[in-house]
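So, here come the structures, one by one.
Both complexes shown next keep chain A, but they swap its partner, so chain B is in the first and chain C is in the second.
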Partner chain A sequence: MSFLTEFLAALIYGILAGGVYALIAVGLSLYFGLMGIVNFAHGSIVMLGMYAAYYSFTLLGLHPYLSLVLVIPLFFLFGMALETGLFRFMYKAPHNNQFLLTCGLMIVINNIALTAFTANTRTLQIPFLEAGFSVGGIVISYGRFLAFLVGVVFYLLLTLFLRKTMVGKAIRASAQNREGAKLCGINVSKIFTYTFGLGIMLAGLAGLLILPFSGAYPDVGDTFILSAFIIIVLGGMGKISAAFWASLIIGVAEAMGSTFLSSGVKYLFPFLLFIVVLLFRPTGLFVRRT
Partner chain B sequence: MKNQIIKTLLGLFVVALLCWLPFLLGDYYLYLLVLTCLNAYLASSWNLIGGMGGQLSLGHAAFFGLSAYASTFLFQKFGISPWAGMWFGVLIAALYGALIGLLCFRYQVKGTYFALVTLAFVEILRIAAVHLKTFGGSEGIVVELKGHSWSAFQFETKVPYYFISLVMLAALVLVINYFRNSRFLSYLKAIREDEDVAYALGIDVFKIKFWGLVLSAALTGLGGTFYAQYVLYIDPPSIFGLTRSFDMVFICIMGGMGSIGGPLLGSVVFSAFMEIANTIFKGGYGAAHLILYGILLMVVILVFPRGLISLFNKHTSSE
Partner chain C sequence: MKKQLGLWVVFFVICGWGFLCFPDGSEGAAPKEVLIGHLEPLTGGSAATGQSLKMGAEYAVEEINARGGIKSMGGAKLKLIPADHQGVPQVGIAETERLIREGVSMIIGPWYSSIALVATQTAERQKIPFLVDIGIADQITERGLKYTFRMCTPASWIIRKSFGHMMAAAKSHNAVPKTISLIYENSAYGQSNATFMKEACQKGGIQVLLDIPYDRKQMDFSSEVRKIKAANADIIGYTSYIADGIQLLRTMKEQGIRPMMMVGVNDAAFTEMKAFKEALGDYSHYIIDYMGHAMNRKDPRYKALVEGIAKKYKKDADYPVEIGYQSIYLAREVLELAKSSDREKIREAFTKLNYKNHMMASEEPIRFGPDGQNQGADAYFQQVFPDVLTPPIVWPAKFAERKIVWPDPAWKK
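And then the complex of A and B:
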């Protein structure tokens, strides 16, 4: 393979992966912007999404993409339940305690998964999704391509939702100024519940999209959460469009790294990038320095 | 005067009990006791910068692991006694802490951002350890048994390990307690409460945070070498895994962040809880004890944000 094809292949794979990362990071960033909570358990929700898709295929015979109809409402409700049952009680706590509480939640969710689903890696083989089409010698699997498409569609839907609907506007208003939104008659505590539900729903959806090309195991969320943190820090915490573009950047950077760097360094690459970004652009690439 | 005598007697009684304890307990409980001491020691080290300084580090596994790897490597390859290698490990841990401190504190990385960067600094080491074959790669290193002797830091029974860990813990706690009103620790606490105000009052915020982290890193490093010599096996997930950093933080927050007794109480509660949960769920329940552990942690953070020690002493809970 020539250098140019390798480069293009890495670029395409990176963008495709970035579209899925975007769902994880955008959800995390969405409720961070509103509630100021950095949720360590977000990656575990992605893991649950993967298992949900896996079991709706093996037990109910639903095609992974059809299980959307199950996963979306289920995770939305789950997110709302988490907010009302747990997160609601920690808004006034110090930030460090909030962060550690979500770490505790991650431990609980991961170990419930370990107990319920065992440590075995679960993979789903769907012949159609594993097949692919070729563009100029670069083979792209349908699974990855569709995942990217669905990811982008949901991102656009979310943007539209936030811009055009009343609830969306209320979410943005509450994120800008909580007290002001309250004074305008917005039920901020309800908005928190919905927003958290949305974020969790997107994470579950991401899990479903990832499953066809990546195995599910109880700790799989750790890798996603680290990538998601890198993305939202790179983009600037709390801005969802920034999180989207940063996802594509990180996706491409990882793909480039794994194509052109030796095996040891390629895993280090995202973290080095992360540290450099945090040190020199702690407010993110897409947010103006104040 | 009377109070003084009672205190002294009580102190003597506790010391006598702690010295007698290893001969009372069976091998298994002694093993747990050593880990409890070690955990209390590590949590106390973390507490310096994390609890007293308010800098939420999730990267202390890095210092722990660097020292564990360094002393073990020197021991295996060059036959250097862990007693000497330990100081080399401490030096490396302190240097890594200095690097993190220099970068983060110079560029004003704070709060959750600091937690995330320190996390990345550990991940880098974990990945490096997995890929470097010289340091055992993903299989890790089994520490060679070189006969039971003090110079090899290997003993026939667990009693010497117990006394070493107890001395380490006691020395650390007594020193911190002695200096609890020192300028350095007071500055650290002032920075935790409000960094801008501390700065306005003329505290060199960077310098205090920097040395706090370096000191905490060095102390954690000492614990790393002890762990390697005690368990005699190190591999990337057990040394540089998320749980390693989390345990120090969690023990500290359960007991009471920023207080001197907090890490001790936290470690005892942690060990006791794990042991009881393990016994109840023996076999067949998967990771039920860890689920309970997570729940306990969340409950403590929500209900006792100042840690369990605030139950005993309302005034000194978080000085």
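And then the complex of A and C:
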């Protein structure tokens, strides 16, 4: 057990764990950057994504990765419906009202899940995903590895979409200057709907990818949401690449903490980092000062 | 003036009614009914457990009444007055006060140590005997309360006694552990279990290789499990809630860890055995858990209870049903000795009790120490088997429903 192997193991585990955080934080960052909505119900959407994957496996017999074809359009539509039915009316409201609304939404969704799915922990039994493979004595879980890979692919696709397509450019334009975008003939209200749909879709996708190596229960979302907010503040508001890299940093910091210190203080590193960044670089690590 | 007269009339009528209704105590020393308060979580997160406790208690009350009630009190009947603490301490206090107002002779309950701590204090102030059926926090009987008596086994005893059982089982199978790795969730529940466990290991000559507290909202156990694998201890002792426990054990499965024995130290995941077995499959087999206070499942009365509950309620007599049933029989024994529904006499009977023909899986009689703790309370091992859902008791041998499997057949030395 040399120092180097342990360091490498912590690095790999940290990056894989960071990949999971990224799945959640990138979606949140996307619409947070555009509309400035602080959505505490984002974690609950991840939970719904887990249940969607669970039930499409148990009821329809769809392999969790195949249920992508179902989850992606479903959650995109769900996101658009949430935006037009609820969030649209909150953009001009003060932040504390947004906070109350999204917290309320979180409680409502969690309790509906509790009634509909009961409090039992649901897990998938797929022998392949329950195993791991060994690289130089470091055992890596297939489930986590695949989640990381698929997550990175979707992140790259999203980046391409935002850079190369007209809608993507319109989203970026609306984020930079709402009034200017309107003057250029962009239907900002429609762009908001699409963006929110995309963010919710990513949350659903995150749930689907996390389920094979963890378990679904109604308040599982609460475990994700705090980390996700820390990540987007640490990285810098409104830039999805910032959220992505910050996720990896947090993941690695936690893994290093539990490898070289104690698991009890593994959250010390990320939070220290968070405080230091807030003090010296309040715009975030990856966003330039304006 | 007329109005005032009317008010006076109403006042006298109310006073007269109150006077007529107030019992004058002239009915004699042997009342026809003894009221017993039963404080459990009948709604809220632990509602299912509370309902089972109530079912077991009601069943026992009916049985005792049908067989002639309390003989030393001229056949007085028992009457159960249920109360619901909802898992909320404030409600627990209010419901205890209500039971006292309704004139109960004693109170039995509750599932939740946090409620037991406050409810017993309320009862103490009003001098009502309180029988704690299933709150395991050590402090319940460590506060010098005179009216509190506990039937079940406190947490520290469970670990100390189970540890002894573990070593005895290991010796009898010629596979004695020398090292242990401990991993536990870091709230009061996991921490206190780990503290008792470390004490026991120190006294028992087992070396603690790893001592890992974790946050139960943690999403990834890869680094922790890697350490556990490297330490390669004979025993892995863990304390978890359900979701984190599943995640932890799944990661161990992933990394191919299998010690001489995987031991749950008062593991809460064992209360959700269905989800536990589903999530872990074969990996769950032969994991052992420490448990406190069980009914002797070889006693013919256990079989009768299981059959009776199945017939009457169409349900399985689970662990809380056993507890509810036994607590009422214990109360009957106390009442027989007290020969009265007077609270002071009942308290005195509790201190003098020496109940041998009990149903608890213990060779000792039920006797309450000066602190109110049942001195005969014991602890057990339950083990997961592939073919049954509820893990049977496997140790001590006298009360075992099945033979213990030790060491784990999948042990990777």
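Things worth noting here:
Going forward, the second predicted complex is superposed on the first by the 273 of 290 C-alpha atoms of A that agree within 3 Å, B and C clash if a C-alpha of one lies under 4 Å from a C-alpha of the other, contacts with A are read in each partner's own complex, and residues count from 1 in each chain.
In this section, contacts are C-beta pairs under 8 Å (C-beta built on N, C-alpha and C of every residue); 3 or more make two chains touch, one makes a residue touch a chain.
Since this is a predicted model, take the numbers as computed values, not measurements.
In the overlay built on the shared chain, the residue A:86 is in contact with chain B alone; chain C does not reach it.
Looking at the shared chain after the overlay, A:115 reaches chain B, while chain C stays out of its contact range. Once the two complexes are overlaid on the shared chain, A:9 sits against chain C while remaining clear of chain B. With both structures placed on the common chain, the touch criterion links A:214 to chain C but leaves chain B unconnected. In the superposition on chain A, contact is made by A:131 with chain C only, not with chain B. In the superposition on chain A, contact of A:222 is made with both chain B and chain C. Judged by the touch definition given at the top, the superposed model places A:107 against chain B, while chain C stays out of reach. In the superposed model, A:268 makes contact with chain B only, not with chain C.
Residue overlap on chain A between the chain B contacts of one complex and the chain C contacts of the other covers 222, 263-264, 267. The touching residues of chain B, when paired with chain A in their complex, are 54, 56, 103-104, 107-109, 111-113, 115-117, 119-121, 123-124, 127-128, 131-132, 242, 246, 249-250, 253, 257, 285-288, 290-291, 293-295, 297-298, 301-302, 305. Of all residues in chain A, those touching chain B in their complex are 38, 86, 89-90, 93-97, 99-101, 103-108, 111-112, 114-116, 118, 222, 226, 229-230, 233, 263-264, 267-268, 271-272, 274-275, 278-280, 282. Those residues of chain C that touch chain A in the shared complex are 45, 186, 212-215, 217-220, 222-224, 226-227, 229-230, 242-243, 246-247, 250-251, 253-256, 272, 274-275, 278-279, 281. Against chain C, in their complex, chain A makes its touches with residues 1, 9-10, 13, 16-17, 20, 119-123, 125, 130-132, 138-139, 141, 144, 210, 213-215, 217, 220, 222-224, 254-255, 258-259, 262-264, 266-267.
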